[in-house]
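Let me begin by presenting the structure, written as structure tokens, before commenting on it.
Each chain carries a letter (A, B, C, D and E) given by its place in the written order, and its residues are counted from 1.
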Amino acid sequence: MSYFSKKYHAPGTSPGTLAETAGAGGLVIRLIDYTATEFTEKDLISPAECHDYLDRPTITWIHVQGTVAPETLRHVGELFELHPLALEDVINAGQRPKAERYGGHLFVVACDPSLAGDGHVTSHQVSLFAGENFVISFHSGPDDPFEPVRARLRKAGGRIRTRKADYLLYALLDLVIDGGFPLLETLGDAIEETEADLLERPDRASLHKLHAIKRDLLLLRRMLWPQREAINALVRDGEPPITDETRVYLRDCYDHTTHIMELLESYREMTAGMLDIYLSSVSNRMNDVMRVLTIIATIFIPLTFIVGVYGMNFAHPDSPWAMPELRAYYGYPAVWLVMLALAGGMLLLFKRKGWF
Amino acid sequence: MSYFSKKYHAPGTSPGTLAETAGAGGLVIRLIDYTATEFTEKDLISPAECHDYLDRPTITWIHVQGTVAPETLRHVGELFELHPLALEDVINAGQRPKAERYGGHLFVVACDPSLAGDGHVTSHQVSLFAGENFVISFHSGPDDPFEPVRARLRKAGGRIRTRKADYLLYALLDLVIDGGFPLLETLGDAIEETEADLLERPDRASLHKLHAIKRDLLLLRRMLWPQREAINALVRDGEPPITDETRVYLRDCYDHTTHIMELLESYREMTAGMLDIYLSSVSNRMNDVMRVLTIIATIFIPLTFIVGVYGMNFAHPDSPWAMPELRAYYGYPAVWLVMLALAGGMLLLFKRKGWF
Amino acid sequence: MSYFSKKYHAPGTSPGTLAETAGAGGLVIRLIDYTATEFTEKDLISPAECHDYLDRPTITWIHVQGTVAPETLRHVGELFELHPLALEDVINAGQRPKAERYGGHLFVVACDPSLAGDGHVTSHQVSLFAGENFVISFHSGPDDPFEPVRARLRKAGGRIRTRKADYLLYALLDLVIDGGFPLLETLGDAIEETEADLLERPDRASLHKLHAIKRDLLLLRRMLWPQREAINALVRDGEPPITDETRVYLRDCYDHTTHIMELLESYREMTAGMLDIYLSSVSNRMNDVMRVLTIIATIFIPLTFIVGVYGMNFAHPDSPWAMPELRAYYGYPAVWLVMLALAGGMLLLFKRKGWF
Amino acid sequence: MSYFSKKYHAPGTSPGTLAETAGAGGLVIRLIDYTATEFTEKDLISPAECHDYLDRPTITWIHVQGTVAPETLRHVGELFELHPLALEDVINAGQRPKAERYGGHLFVVACDPSLAGDGHVTSHQVSLFAGENFVISFHSGPDDPFEPVRARLRKAGGRIRTRKADYLLYALLDLVIDGGFPLLETLGDAIEETEADLLERPDRASLHKLHAIKRDLLLLRRMLWPQREAINALVRDGEPPITDETRVYLRDCYDHTTHIMELLESYREMTAGMLDIYLSSVSNRMNDVMRVLTIIATIFIPLTFIVGVYGMNFAHPDSPWAMPELRAYYGYPAVWLVMLALAGGMLLLFKRKGWF
Amino acid sequence: MSYFSKKYHAPGTSPGTLAETAGAGGLVIRLIDYTATEFTEKDLISPAECHDYLDRPTITWIHVQGTVAPETLRHVGELFELHPLALEDVINAGQRPKAERYGGHLFVVACDPSLAGDGHVTSHQVSLFAGENFVISFHSGPDDPFEPVRARLRKAGGRIRTRKADYLLYALLDLVIDGGFPLLETLGDAIEETEADLLERPDRASLHKLHAIKRDLLLLRRMLWPQREAINALVRDGEPPITDETRVYLRDCYDHTTHIMELLESYREMTAGMLDIYLSSVSNRMNDVMRVLTIIATIFIPLTFIVGVYGMNFAHPDSPWAMPELRAYYGYPAVWLVMLALAGGMLLLFKRKGWF
């Protein structure tokens, strides 16, 4: 995911304009219509087909999977009297999560983060409209995540079948939000692994892994931070279609968004401290190497000086000052003794000073 | 853009003083007067010409492009009964964005950031007055950014023609604010590019690029931060000329300012972490170089000592201690063997310790 | 404790699902039933046994120790009419602390941190339900921490026996929260010890110890932060079962959570500054070593050059320029004098510059 | 300005005690008494002289310049019935800015920062009392900054002459606050200059300049931060002597304090990042130097080894192993060739690795 | 002062338990009983002696200096009907400052920081109970700081004698809080001194001094932060015994706590930046040393190579290639010339590159 991932119109375009965006197509529209006793499920070719279900007291859920085409959206918007600004937000994916009230219906934008194949975090926009007896959901990704909710709806007698549309809205939001837990578990494991790597063998690969995790955490946080505020707005919103019974559940949902944000924040602090570990580990290792090498050099440099001295060619034929050592009987072994003593003394001194 | 870019009067000057500021001139005044059915557009020579349009129930939009001269401003101020403090803020460009109510009209200051030719962010002040049936806009830059709105106004039947002056105010603000998205997209790309550079080949040029980006982000944030607050004040302001229908649109506008601020904040965090990448990359590279060089030196220093030993001139004619090695049959190759073994042993040891 | 320690259901599971979680078993259920004058205490085989105590005006406390099995929980839930969302939170341990009202009863989640055998902080979830005349407590750890409360209950005439169920709730929360003080005392001592180590002899072991402390503090803070908010919600909650007399005690409890958070924050700041101490100590020591070694090398390098000069073999038979020094009467001692003077001068110079 | 610059009494002194403070003397008292039509200005010897102006409906402005003596202050306090705590704050200069209401009058403390001769920021306390028809101002510095306001007062017909005492209070505050703009402009220029220095030629002088700027910014921020809050308190204070007409002007004043704080904050962030530039520039330069020097050393060390080899004196009279190279016809040039090849190869290798 | 300095009971102890704490003894109880006209002062042996003063309309001030014994406290508590939780906080010194209302009386905990003999900050707990006509104060330290208040009380006719018990409470708090100013002045001086040291001659001693200051500031901030909140609670508390006249004084007190916190915060920021100064100074100095030493080495290494060349023993009897330089007439001075030129050239090059 890149740092800037919002779609937008040219500044100055009339608000509510639904322009073609790249990648439209592969659209799937699924309709579910239910009461506690009845249940209909079918795939639609066009939104017009759901016209029949509108005036009935049943709860109608239309799910649109994939990048939606402008005309489809316009059609849906007219059928359900949705606000053009909300529709614009559906088509311009990459919106920040929010919950807003337009006339009689609620409009909720959530984001559905997941791990892409390359191990990086990616995100899809989930847009939800909810009225008294309908929910319309849009998911911008390739795969439909709402199958578990559909399975619960199919079972007659479940709690979800006896509640209103607001409970369905909750169920969809809950699923999207709870999807953050497995994601954070994976990230938490990756952080622990990277941390162990950095403490034991700090190399450039784990540094890059750390950087990638930090980037993912930052992007995740940017996406999820407003989501918490949005769910909170839903909890506080006392008007229809949100009922008091569902508010208890939304409060639970809000608790989960808060938990996820707290986990994210603590992850970010963990990783912030980890660069310091890396740097001090690297610097420690470098210091060790340099110290040993420098000590070796330092010991040999005076010795080399000594042997240099006796490589000098001073040779006045008569002068007793002209390097008499060279002509001494035990000169050579004496120099060796001096040198060994010097090297040993230096080693001892350095050791005592704790330099290696 | 420099760190301090506000124009101001000498402290103690009477508030509302409209003094000549440098660079005035090149002024263009454009008037548009419209209702749902009528539309007039013309360029003015002086503000006095718009007198005729004032008492009519049409919506009058006067746009002043460029650095405004004090007398022009005073004239406009008298015509529309604008507050002298607001007029002072128009002429002293570089104000922080704000929305304030002076008697019956609203005064909004926004900033219009853009990328200058040298790749740096620059900014112009947009000042807007809005009453029941007029909008007066001032833009301090050389180019008029409001052409798209004018194009929408020219088309009969558009939503903008059927709404009040507050919707026109919204349309102008929306254009200015949405101008932030392409700017942030460009900056986001620049950050990704610089990040890749810093990870792969950290050099001084990418460091300077990073510093320039950070400076731009800081200046942008300083300019845009109060803008969000200003739009929020407009959304919450329940009184005329802001109507409830337009408030929904302003809320969308507020959402965009929030989105832009969140993007900016995440950019700033990205770039904050990037200096660490650079420093650890540079330090890694430096360490690699120094380590290899030091190892080479460390291996040769003992060898140089050995050859120094046999360069000594100990030569007692009779002493069997006077460097007998020099006179040994295989002395020379033996020394080579010793030296090769020593070098090999050191290399092996350093390798095993993971020093290179 | 790992970075991610929450149990959770697969996203999309119906809310209130009580699924088997790993590690269930070893369950102990303890019932205490008391008024100011009566007192019954017994261990239960199944929650059904407490049925007899429900309708009586006595205060009933059921404590479930260990990982609870779903059927047990369902049973308890039905008996006391507990909300399924709250029951789900009991079984999915690792919840963030919170206080919530479900219908007529309060549900409080707290966390009970303690030092594990390996010196690291670990945590267990405490879940509490409180109604007019009952308290049900769950503790996910192996050991029952509530024995001191039980001892106070057994003594007739104590304040705790004359109060309502809300005072019992307070007593349990107070015990859990005050458990933070000995923990923080231990951590404070560990920080002071590590700080002294880092100042006096900075080594890798104390760095790792510092890192472990920082990790513990971060995890503790993440767990305890919401606890303060939860207790505050209890203090502000003016409705039954919380009475005004108990609110004074809960306020004291809130004061303790605040004190603990402030201690934690100041510990975190302490440890944040300590890495800087370590790094500057290490760098100081390294600098000292390198400086001395480099000075030794620097002094001998010119000397080695000099002795190298007189090791040259220039020997034109007649040239007076061909190293006449070699044939000078005092040549050798003169060179020694020059070298000693040079070495002494350099030492003096370096000393005067404060280089060692 | 030093880090602690508040004057204070010994703890336990009775509140409102007006003790002698160092540096009193050189006091100037200026009285201006005006209505829209009348204007009197004179210098006073003692506060008692202003007694005549008190009961008249004119607006009386008494300005006391310099360190005030306790008895003068006590006299003024009794004349105008000022609260002893406020008088204590006048004499103990170095108070934090605040706006407080004591009975019928307002007491405002502001700080008037300016650049001292040594280029550092210094600050003087401005204390203002305002009632229905009087303003009393104290300025602790040597120079009277209020001359521009006096000039405006002298001109009959100006807005300031037709308004109440609250407008005069505003005019004085506005002058003091707007004095921040030229100061910040100077600081902004100093920051840009230092930044350019640090990027191009990082030396110790620019580091010290940066440190001085950071210190000034910190002290300025500490002084100005509460000022914003104080002005805000005045804007929100709906009671006399503040009138609604003046509140619009105070709101403008508040906007300026906010602008100044935002500029200060952005300056602080700028300078925070600049130390990193300096450090990485210095480290870059150091690395360049060390790398080149080390490369030179590394190339010569093996060569010196080689020439050392042929300085050895192996000389068995018959052995063909005793350094036959020395006696080879092309031995000497061959060694040179080997050494040149070795040096060239190393240079090539280092270059290819990008080490210099 | 250590990082954890709170006394606490074993978790699970009944709230309000007054257990023996270490160090009790050396207790002094002082009673002052006064009205505007009457004044009694005496030292008590036991709290029971103050029984006579209770029912009279005089204001009774009992001060207990030193670590209080549980039975004394219990006695006082029963006499004045103090809440057991408050008494527990008196005996468990190290509480965070707070102001709480228990039934009819106020309970205030403040902390009285001072410089201990070793230059470190230490702190004692001040606990204050205030009712309509009594104040009971406890100070956990060895010395009684309230003598100045007692001196003011002894003087008939002072403001303090004519006011109620709430004014006495204020006077005691004011004394404790204002004690922060001399402390902060001392710390400010220490910071300035350390800063100058670090800029001029950075050594380990000033680093340790800096660390000690940071630790003191952190501990001070942790203690004083809640104090501000506590005083604010007193200011806002509109009920008896706090009267409106005293509230003006408490507001002044609150202003002082805010001033102290702002000073502390700015000190903390000062010291945060100072480690950077130290590190960059140290690194600068180290770089200077290393650079000069490396340059010396670098210049001599090629020279040593050259003299090594002419130390080689190539000596083919007939070959003109066998080191003809050695036998040249001006060979030796020529080599010297080459070496001097080389050394001079390198020095010039390094100088021009600005390396030293």
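The working rule: a residue touches a chain if its C-beta (ideal position, glycine included) is under 8 Å from a C-beta of that chain, and two chains touch if they have at least 3 such contacts.
All of these numbers come straight from a predicted model, not from anything done at the bench.
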item: Inter-copy rotation, chain A to chain C, in degrees (Cα atoms; steps of 5); value: 70
item: Euclidean distance of C-alpha centroids - chain C vs chain E, Å; value: 25
item: Rounded Å distance between chain C and chain D, as computed from the means of their C-alpha atoms; value: 40
item: Sites on chain B at which at least two other chains make contact; value: 283, 290, 294, 297, 301, 304, 308, 311-313, 323
item: Sequence of touching chains round the ring, chain A onward through chain B; value: A, B, D, E, C
item: Of chain B, residues touching chain A in the complex; value: 145-149, 152, 158-160, 174-176, 178-179, 181-182, 184-185, 187-189, 191-192, 199, 248-249, 251-252, 255, 258-259, 262-263, 265-267, 269-270, 273, 276-277, 280, 283-284, 287, 290-291, 294-295, 297-298, 301-302, 304-305, 308-309, 311-316, 318-319, 321-323, 353, 355
item: Contact footprint of chain D on chain B as seen in their complex; value: 2-4, 6, 8-16, 83, 85, 95-96, 98, 100, 102, 204, 207-208, 211, 214-215, 218-219, 221-222, 225-226, 275, 278-279, 282-283, 286, 289-290, 293-294, 296-297, 300-301, 303-304, 307-308, 310-313, 323, 325-333, 335
